[in-house]
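As written, the chain order gives the labels A, B, C and D, with residue 1 at the start of each chain.
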Amino acid sequence: MEERNDIVNEPSAHPKVLVIGGGVGGIRAALDLAESRRNVVLIDKAYAIGGLMTQLDRTFPTNNCDLCTVSPDLSESGRQHRMELMPMTTLVDIQGEAGNFTVTLETAPRHIDVSKCTACGECVAKYPDWVRFTPGLDPRAPTCMRYPQATPFAFSVDMEKVEDIKALQAVCRAEAILSDDQPKTATVNIASVVLSVGAELFDPAVLDHFGGGQLANVVTGLQYERIMSASGPTAGELVRPSDGVRPKKVAWIQCVGSRGINRADVPYCSSVCCMYALKEAIVTKERFASDIEATIFYMDMRTCGKDYELYLNRAKNDYGVQLIRSRPHSIIEDPQTGNLSITYTTDEESRHLTEVFDMVVLSTGFRVQESTVELARRLGIELNIHLFAKTEAFSPVSTSKPGIYVCGVFESPKDIPETMVQASAAACMAGADLHMDLSDPQAEDDFPPERDVSGEPPKIGVFVCDCGFDIGGVIPVNEVVASVAKLSDVVVAESVGYGCSGDSMLRIEQMIREHGLNRVVIGGCSPRTHETRFQDLLRRVGLNKYLVDIVNLRDQDTWAHMDRPADAAKKAEKLLRMGITGVRKSRPLVDHTLPVNQNILVIGGGVTGMNAALQMAELGFKVYLIDRAPDLGGLARSVRSTIEGGDVSAYIADLVQKVRANDKIQVMTRTIIVDHSGMPGLFTTGVQSGPRMNYMQIQHGAAILATGAMPNRPKEYLLGENDGVMTQLDLDSVIADMPDQAKGWNQVVMIQCVGSREPGNPNCSRICCATAIKNALRLKALNADTQIYVLYRDMRTYGFSEDYYAEARQAGVKFIRYQLDDKPVVAETDGQLTVTALDPVLGRRIEIAADRVVLSTGLRADDETTEDLAMLFHVARTDDGYFLEDHVKLRPVDMALKGFFIAGTAHSPKNIKESITQALAAAGRAQALLAKTTINLGASIAKVDGNRCAACLVCVRACPFGVPFINADGYSEIDPAKCHGCGVCAADCPAKAIQLMTFEDDQILAKLDGLFERLN
Amino acid sequence: MENFEPEIVAFCCHYCAYTAADMAGSKRLSYPPNVKIIRVPCTGKVDAIHIMKALLKGADGVYVAGCLEGDCHFKNGNIRAAHRVAYVQKMLNDIGWDGERVEMITMSAGMGERFAQTAKEFTEKIRQLGPSPAKTAAGQAAVG
Amino acid sequence: MKTESRLEKILAAGHMAVTSECGPPRGALPEKVKEKAEMLRGCVDGINVTDNQTAMVRMSSTAACIIIKQMGLDPILQMVTRDRNRLALQSDIIGAYAFGINTMLCLSGDHPRFGDHPMAANVYDLDSVQLIQTVKKMRDEGKFQGGADIANAPKMFIGAAANPFADPFELRVMRLAKKVNAGVDFIQTQCIFNLDKFELYMKQVCDRGLHEKVAILAGITPMKTAGAARYMKNKVPGMDVPDEIVKRMEGQPKEKQAEEGVKIAVEAMQRIKEMPGVRGFHIMAIEWEQKVPEIVERAGLLPRPEV
Amino acid sequence: MITAEQKPMQEIINCIAPYDRILLVGCNECVTVCSAGGRKEVGLLASALQLHFLKQGKTLDIKEVTLERQCDPEYVEELVNYMDQVDAVVSMACGCGVQTIAARYREKAVYPAVNTKFMGASERQGIWAERCQGCGDCVLGLTGGICPIARCSKRLMNGPCGGSTKGKCEISPDVDCAWQLIWDRMKALGIEKRYEEVMEAKDWRTSRDGGPRKIVREDLAS
């Protein structure tokens, strides 16, 4: 990847996809496109990509530091040759149509030649005012880069403020400062556009009742994130802005500017604030002091994502976060202390309550920027009433203009995993407008030739990250470094800040060159996530990538032992010693590759599976779509209408017809999976099909699990005993098929969270609140006089479905809140159903005679199916039986087993629109994998020393995959293309003739030597 | 031996136990820092010699942590490992050591809690058993 | 007549022969031998003396045979190839013959694993077929196995065992034929409980005409208790005890089981008598020798003919 | 191959207890194949012994060497440079290897660390079974390729004894009845008839019974 500041006038023969917005969504979309062999231009008006996420301290539900999780992705983008990154660039014009647009892009001057800038920081040190960015609260961040791992890692000069350009140029030893840099314009031929421009967070300064932006200790959620962040203005210390003292009582106020009817409010729900407030509260207690009181004032707790309810329970039960259901109406500051009084009322108490806090965090939601509205106008796409990009339920990432797709918050408010899913989906759609370039070989190997280090004695460089405060906040990194610096063969030992940041990487490269290092030890986070990054670093300096060892100082030391810092430091030293002694024995190795099978197996023929199949077929892949049911359609066949009024039945019928008619899709119904083998890119799955259960084997390179979920039907509230009690799904068909019957009902009671959010099935089913509202509105439309009561715990009409919640209230639907420990009671006397519940507003129990009681039973995992498949495929599941993605945040459709993807309700409960989105995303991710013509098997394969081999056959018999054989020369031979790298043969070989590369015995023993301080 | 802090080596398979250990870290689950992990692709890779050498070089306890039965990424490496650990336990008993100093543990990648819990339990067990006989015996000197 | 054997004479005269056995004591107790042998006087034509039966050390078979011979009875010398090589076997045969012992049974013997010296070396220089050959060669050619001449060669009436119930069943008749080829004169079978299977065996024996070349004495064992029946069914290799026999024993109260056992034995003998090719009975009343006269009588085989 | 299995640990420990410096010698032939005395077992035994003596307070110096073949003097010669650094030798080879070392290095005590068991074949991973007793006069051609001497508990040459039950030997249900196997093979080969030919008493002179044996190939030995 090169940053392009020069004029680019691409010939139309090589069209590209334009991705607008360099946040996590845009990066994901661009990466997916580049991986699937499409050329991409990624533009962002900021001067480094990363977006909002890089400003966050930690993300839920894992409470990881975002910088650490996102930076490998950013660096990944840094090595994609098909990607042009254009920071400080905006779109000024677009002409043409889908498949053949011409866009005009304008790049603002940076005044720095990024190809020369080494990000040394000298310019800022000397002239801090001449830099531009204001991250978070402090106008002058410790560095002038937006965050330490910024890509590209170059500075930008604010020419407006520069008084003496010559002086500035003089401090730059790299001669990178350009005095006469000018804006540049480029026209590019593109096939499609992905819009991932995000949104800004609401500025609460306009709200008088919350201090109007004047109160020092009232901050927004994002400001609070910056305060907590290790790269933030307080260097990771949690202190009050007014006096720099750590607060003892912190309050969060939810829905600030959202779900409101007041001036400056928006009516929709911003979807993410409940979770981020909970996260900030937990992290506050976890990282700073468990005795800090954390109180959240909320309207409804909307923790309806995958496993989010568990997170809510953790916040309440394990961390003691106070949750007060209320809407505070004012904050008053004590001018002496800077403390803040919050006045609020609750359902239960009619009088005003007041409580004093040291600090108040306003959970502000998303707003579309004015510049985005302008961009939409320029692009010619329609916006919805809230000024977000308009999409349809059955085409969730398509804007009103063909060829322009949208993902992320600009489509609707959403969190990171949903953004990632949508980004992959949008990339998949945008990619379909542009043929995959299979003729072009994958240009990857422009690394310099490898230096032969075989004759050299080990020269080791040890580089230890402090990972912000995650490592450096627990152990004295410099002391630990000093303690290992004296070990033999260690030439350099240094602490490098964020090891994965651009400048640190550069520093390491420089040290390797300078000292002629031939072995490198990195102390930082888990090699599971960061090994590739540092392996690439070695390749860049001409060293074999297997000459580096990553010592897991964070995940397996400082994180786990933060309560015992002295012991953690000792352990860090020992782990580093192990790394050093181990890496001395490492050898240069060559990776092995195999061709990829281009077929895809889609399991599950519901809406999700069919969409994924169609999309893959569209992209030109052969699809096997299997379902154990006799017909396609899945659960959606029992849904008639979406909340927006879309006709689901007609949609399904059309979808089935398209799938059946597509000659690239082989549909196999009544089919079950019986066996599975192979490796990513080369799987073989055995299925039995049809009434005779005929066996056949499917060869495929990847698979999408879209097995769906089951409608829940718990035996509660007389369900199944009384005909007047039904589920929302039942009601859906009554309304559609027997409207006259429904019209005659006088009173209908709906009960939410039946069989969800309680012991046994602790998670939220996500879809039921909107479904209840949808059906309530449909009933009201049939007969406005029907009285409808919705008994609920929290109304979770996230995003724009909040509109329908408001509409339902206006239509006279009554909402009565109940508690888990005081559930409503449904009884039947003389054929009359009655529902009794405590009305918290009235403060007494009410009894409602009901013609129908409708239970919102939601979904539960198809436990049997997922268990069977998990066993067959060796993939993981959550505790409640849904498939588990590889990374809940950043890889929500990939599974840990490479080549496997999940989509739809097999992942977690979701509505049709969300399921389709994930289906497209899975298809996109799968094609990115299949676009690779070869699959890298790595170098971790077993190797036989023919001289030692006794041809005893132990390996031949021990290998779980039957790979070794005794060759014509009379010794065991292991085909590297077939070896899975488990090492069983190496462990069993009685002649010790087999070594598993990268895990050789001498390396393992050397690590033990390092641990026990027997260095030789 | 009031302040005896055992030194423990854990051979962890990449796919399950090592990931579970990372998981324990990301959940900030505390466990004894005595445990030092050596990553292996599969517990089936752990040679009986590795365990013996770890003890010889000074480990007070060694455990091998792999996937749950039936979940091995390589079909049955964890079962093989369990047999080897049993073999080493017998060998240790035969030479007058305590076979309890080595153990096979299984867990899935998502079981951060179990990783932390078993690390605690094993460390506690070794603490009860006391320092490695290699350390306590008089006249010990550096070996191998 | 090949020999002086009483058994040979009985058979030659066309009588149903009856033999029984007595196990020598585990100690130098000649009176024990006499006591047991005395019980059999007058009701059998020959008394087998076992050779370290079940691989437990007992008084030597040769010595016990001498004692019985000296009582005026007719011992049958059992000899297993497990404990002695061909030198010892042949010298013992000569020695026995020197005391007038003229009938013997050639066996391979139970494996030492089952006895009280499982650590003992397992000789098996010869197997039972080869022992038959050896004894025959000594008798008919007057030569040792190694080929040298014998002065006053022992003339032994040669017996061997056969188990009609061991596996593989199809080999049992062939194995009998092999022993016949080797020169065996009479056969004592394993205890017979499964009469149908024995009948089938005998039919095959007769079909091949083997019954004309060798005298087959059917093995009979009376069971004392239901427990014994179960034990033999489940634990003794090569023993075929049908379920109905076990059930029949179990169907009786404890005190009547012994009587039932005798009854089963007698009924079996009645039926076997009618089977073509059967030339007599070998009654193995282990540690229950006193019952033999009663059984022989109830089977209608008393008194024993004089020859 | 010749099979062997490691001696009880205590026995080995007792043997070497008087010594401080041990040469532990493996063999890359049969004992490697049967996982009794190859490079891996040498490493394991060495560490086990060191651990044992460490507990006694003694640092046992063990040198580990695995020879290509311990029963050839030329290979055994490779040990010569170690001999002045060790007090005793422990061999993990079969008895042949132990004796070859003993013959070459007369002044050093040599102890076997394995019990040499039998000539056998592997049935599957980790299981070896006896197949040959080296009788010196092979009868396999007569017995359908299954040796009654090595595989019948009683070395019976003329058919199964009365203890053969369902294809198993009377001594254990884990042991196949050799004669059942022979009979099955004979049937498969269509040579059942041959069974009835009496196999004469065997001449055991060609076996161990004839005294220690030697093979001399004049053409090679000259």
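Definition applied: a contact is a pair of C-beta atoms (placed from the backbone, for glycine too) under 8 Å apart; a residue touches a chain by one contact, two chains touch by 3 or more.
Only a predicted model underlies this, so the values are computations on that prediction, with no experimental measurement involved.
By that same contact rule, can you tell me which chains touch chain A and chain B alike?
Under the touch definition, chain A and chain B have D as mutual neighbours.
What chain sits nearest the middle when you go by CA atom centres?
Closest to the centre of all protein C-alpha atoms: chain B.
Go ahead and note the Å separation of the Cα centroids belonging to chain A and chain C.
Once rounded, the distance between the two centres reads 87 Å.
So the centre of each chain is just the mean of its C-alpha atoms; given that, what is the distance between chain B and chain D in Å?
Distance between chain centres: 35 Å.
Roughly how far is chain C from chain D, centre to centre by C-alpha average, rounded to an integer in Å?
Roughly 40 Å, centre to centre.
Let me have the rounded angstrom distance from the C-alpha centre of chain A over to the C-alpha centre of chain D, please.
Comparing mean C-alpha positions, chain D is 62 Å from chain A.
Where does chain C touch two or more other chains at once, residue-wise?
Within chain C, no residue contacts more than one other chain.
Would you please write down the residue numbers of chain D that are in contact with two or more other chains?
In chain D, 40, 43 touch at least two other chains.
Multi-chain contacts in chain B: which residues touch at least two other chains?
Residues 47-49, 53, 142, 144.
Considering only which chains touch which, label the overall pattern as line, ring, star, complete or other.
Other.
Help me check something: in the complex, which residues belonging to chain D touch chain C?
It comes out as residues 153-167, 170-172, 177, 179-180, 183-184, 192, 195-196, 198-201, 204.
Sort out for me which residues of chain A touch chain D in the complex.
948, 950-954, 957-958, 989-993
Could you please specify the touching residues of chain D with respect to chain A in the complex?
Against chain A, chain D makes touches at 28-29, 32-33, 35, 38-41, 43, 66, 122, 124-125.
List the residues on chain A that touch chain B in their complex, please.
The contact residues of chain A facing chain B are 62-64, 286, 526-528, 552, 554-557, 559-564, 567-568, 570-571, 574-575, 578, 871, 874, 876, 878, 884, 896, 940, 958, 960-961, 980-984, 986-988, 996, 999, 1001, 1004-1005, 1007-1009, 1011-1012, 1014.
Can you list the residues on chain C that touch chain D in the complex?
82, 86, 108-111, 113-114, 122, 124-130, 133-134, 145, 161-163, 166-168, 171, 174-175, 177-178, 181-182, 190, 237-238
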